[in-house]
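Presented below are the structures under discussion, each in the form of structure tokens.
Across the two complexes that follow, chain A remains constant while its partner is chain B and subsequently chain C.
Here is the complex of A and B:
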């Protein structure tokens, strides 16, 4: 008994007839398979949330520079009086430079609105076109600071600008390097809690004394962590005054 | 095979092969961007740059997976040998797709910081002491550099310049490159994706690569473990006309006994080009022809027909008691050996 002769392919020759069907089928499987896998992976991508740039806005309010620049709105065509807005600069920059010397003053802010759920933000225009002292310093606003007690919270440390919609997605490990650059540039770190605290899942982070805490959280951005600290409500924004030594990686 | 170097020695099969590759990539990217993502029902659309970095990144991952499956598939089933033929073009295209992914990452995540993107990249790489949070960009860059080296040295010029063993060893870098890509994805996008579909496909693809390599290894081991005493090979009639029997002499040395009608000659099983399995080849136009890239040799002296200059070792044989025996000691490449004559009835 002799074995059937196997077809033999030589690259520079003709494809043997016996192999043509097999190779054509394999090519079709590859092409169709890639399309199917593409659809399967792309149509099941995780939702990146509601954060986005929302158009030009302006507001007058009281500037608070600690832990990071935030604006308590007195009046604005786009924001409600009493809203608290997280400020950032252009690109991967925070608003410290523009806010210098204006802490506690009535200021006029202009830029692009960034919103994600209960977190409101504004990317300031450059220089004094984005933030300047208001001519009328007589306006005032009572900013309530409410103590919400000691909390141990699980969640992710993000940069407040990308999280707010400057990038979609602006969270997660694939975005970690970008978040690090934003934090190094002065953007405020925001803690995204796994569960809501007093109605919000977003907490502006600070050190125990209410000062900026960028350096202490850099190694923990984009990872699921647990951290302990005091939570305060400043206007309608939660501030998480963490104890850095309590940061613990969960996974 | 060639006596001079040109960028690509095109032929109809290579055009067809590349057309399939381009169709795969275009189909994948177009489906990802234009059909799949809009169907995902996202509350707000992804950034364009993020969408494209995902499309090109995942495409490169699946392409690399297929490339690594081709080798063991061809060992397990010879019908896959033609897929191996133009695998170098597959690799070069994969490098280009991966490079496009990297370009989007660099131009998006590392832009807008007031510094050049590459400077920003290295400034932001923190967390080397962590597993989760390890700077995945470094893993991706390392993989991309390896793929670039493999692409740049894929041409036959480098094969001749480096010699086949060195070139083959160099191109085993595809495995560390794949490991880096797997780590890059496993510590990055895989962690972010809350939907199991990508995770299942990602883990499944890695298992497929590992499983096929294991299966091919087990098959090879079986061949290696076969009788290798001096060296009773086979009966002449066991070899089909214009085909060969492969006889292992040791773990690392195999001989291919070719039959051309009633003539039997033994040559090294390793092609001088890339070490392809000559014994799985065929006598075409009177020459032993490698199944990988069609390099040819005369069976009696192991020399490529003029004007080509490649040579492989030959072996002396004898016929006793109806069996072919091989002299364990190889002749110098290109040594002429009178074929054994035996009329197969």
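Here is the complex of A and C:
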């Protein structure tokens, strides 16, 4: 007498009678389960915001290398005179290398626009095609530096390029490794405040002396922290001169 | 930063092992790889990451202690592993949701000292 054969499902074969009900219910649970899990996952994600690449741009302006390279626009087809633009390089790199030796000069910048709310940025083209001293150095622009006092701010330390739209999301724990790599590559750290200071929630970070602060903030990227420091307005960009010893992680 | 340093040391050791293994070791433990060189650079990233395993396998094969039954699927543990996953994965997810920071609890900026 032969042993009864247990029904066995093979994808290309005919479905055994005994397995039909099981397969139908399993498929239904799977489909409904995917829908529920997809909805639950997507509905609990933070909005990635409006940051994005916005096409080719060029601008002439005054370059400021401290704490990180920024451009105060004199004239540009895409930016308004007086706009302050955070510069970055290609990939996970800042603009220090390209900006070297050009601090305070009138420069011509070209690249791709990055935009998120009040934060304007540009990913420079490589080499001197992206940033070079302008032939006409006679142009000038008065860049106002306004003291806004000492603040205690809660929020998140991000890299200024991804935050600006190079990555979506450019904030949050999921972006922590990328933010750390970008900062290591020289991209400017930007503090995303829980509320606005003088009309902006994005603050370019620097040390107490107004110099780059990357090493001191690397361990605190993409998590919520509280930090104290002096806030200054350089053109239309806020610079947050933090006291690194005041950084504390919010529990 | 010390973690970064440890990572760098690990990768440097991996690089040294990759050079020796791919130039001299591979052909000795795998006769199919003898006199075949073009593909070897492709193995460098893998060796960098799992060089302790490479060293161990190199040693086992060199000594001729290879046991073929190691390829047999460890089915005996499969049910226990499945059960562990069924418990552990939801626990990890729930713990992550409980301990994660709450963006809605953040306070707005506070002016400590007005500008001079």
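In this section, the second predicted complex is superposed on the first by the 217 of 251 C-alpha atoms of A that agree within 3 Å, B and C clash if a C-alpha of one lies under 4 Å from a C-alpha of the other, contacts with A are read in each partner's own complex, and residues count from 1 in each chain.
Heads up, the rule we're going with is that a contact is a pair of C-beta atoms (placed from the backbone, for glycine too) under 8 Å apart; a residue touches a chain by one contact, two chains touch by 3 or more.
This structure is a prediction, so every number in the text was calculated from the model and none was measured.
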item: First (chain B), second (chain C), both or neither touched by A:173; value: both
item: Contact breadth on chain A, by residue count: chain C or chain B; value: B
item: Touched partner set for A:181, first chain B, second chain C, both or neither; value: first
item: First (chain B), second (chain C), both or neither touched by A:70; value: neither
item: Touched partner set for A:35, first chain B, second chain C, both or neither; value: first
item: First, second, both or neither for A:119, with chain B first and chain C second; value: neither
item: Partner chain in contact with A:150 - chain B first, chain C second, else both or neither; value: second
item: Contacts of A:27 with chain B and chain C, given as first, second, both or neither; value: first
item: Chain B versus chain C as contact partner of A:48, first or second or both or neither; value: first
item: Which superposed partner A:223 touches (first chain B, second chain C, both, neither); value: both
item: Chain B and chain C footprints on chain A, overlapping residues; value: 46, 173, 218, 223, 251
item: Residue ranges of chain C touching chain A (in the complex, touch as defined); value: 1, 100-101, 103, 105-116
item: Of chain B, residues touching chain A in the complex; value: 11, 13-14, 20, 23-25, 27-29, 31-33, 35-37, 39-47, 50, 54-55, 58-59, 62, 66, 78-83, 85-86, 108-114, 120-121, 123-127, 130, 132-133, 135-137, 187-189, 191-195, 197-198, 201, 240, 243, 281-282, 284, 289, 291-294
item: In the complex, chain A residues that touch chain B; value: 2-3, 5-13, 15, 19, 22-23, 26-27, 30-31, 34-35, 37-52, 90-93, 165, 167-169, 171-178, 180-181, 184-185, 218-223, 249, 251
item: Complex interface listing, chain A residues touching chain C; value: 46, 146-155, 173, 193-197, 218, 223-224, 228, 250-251
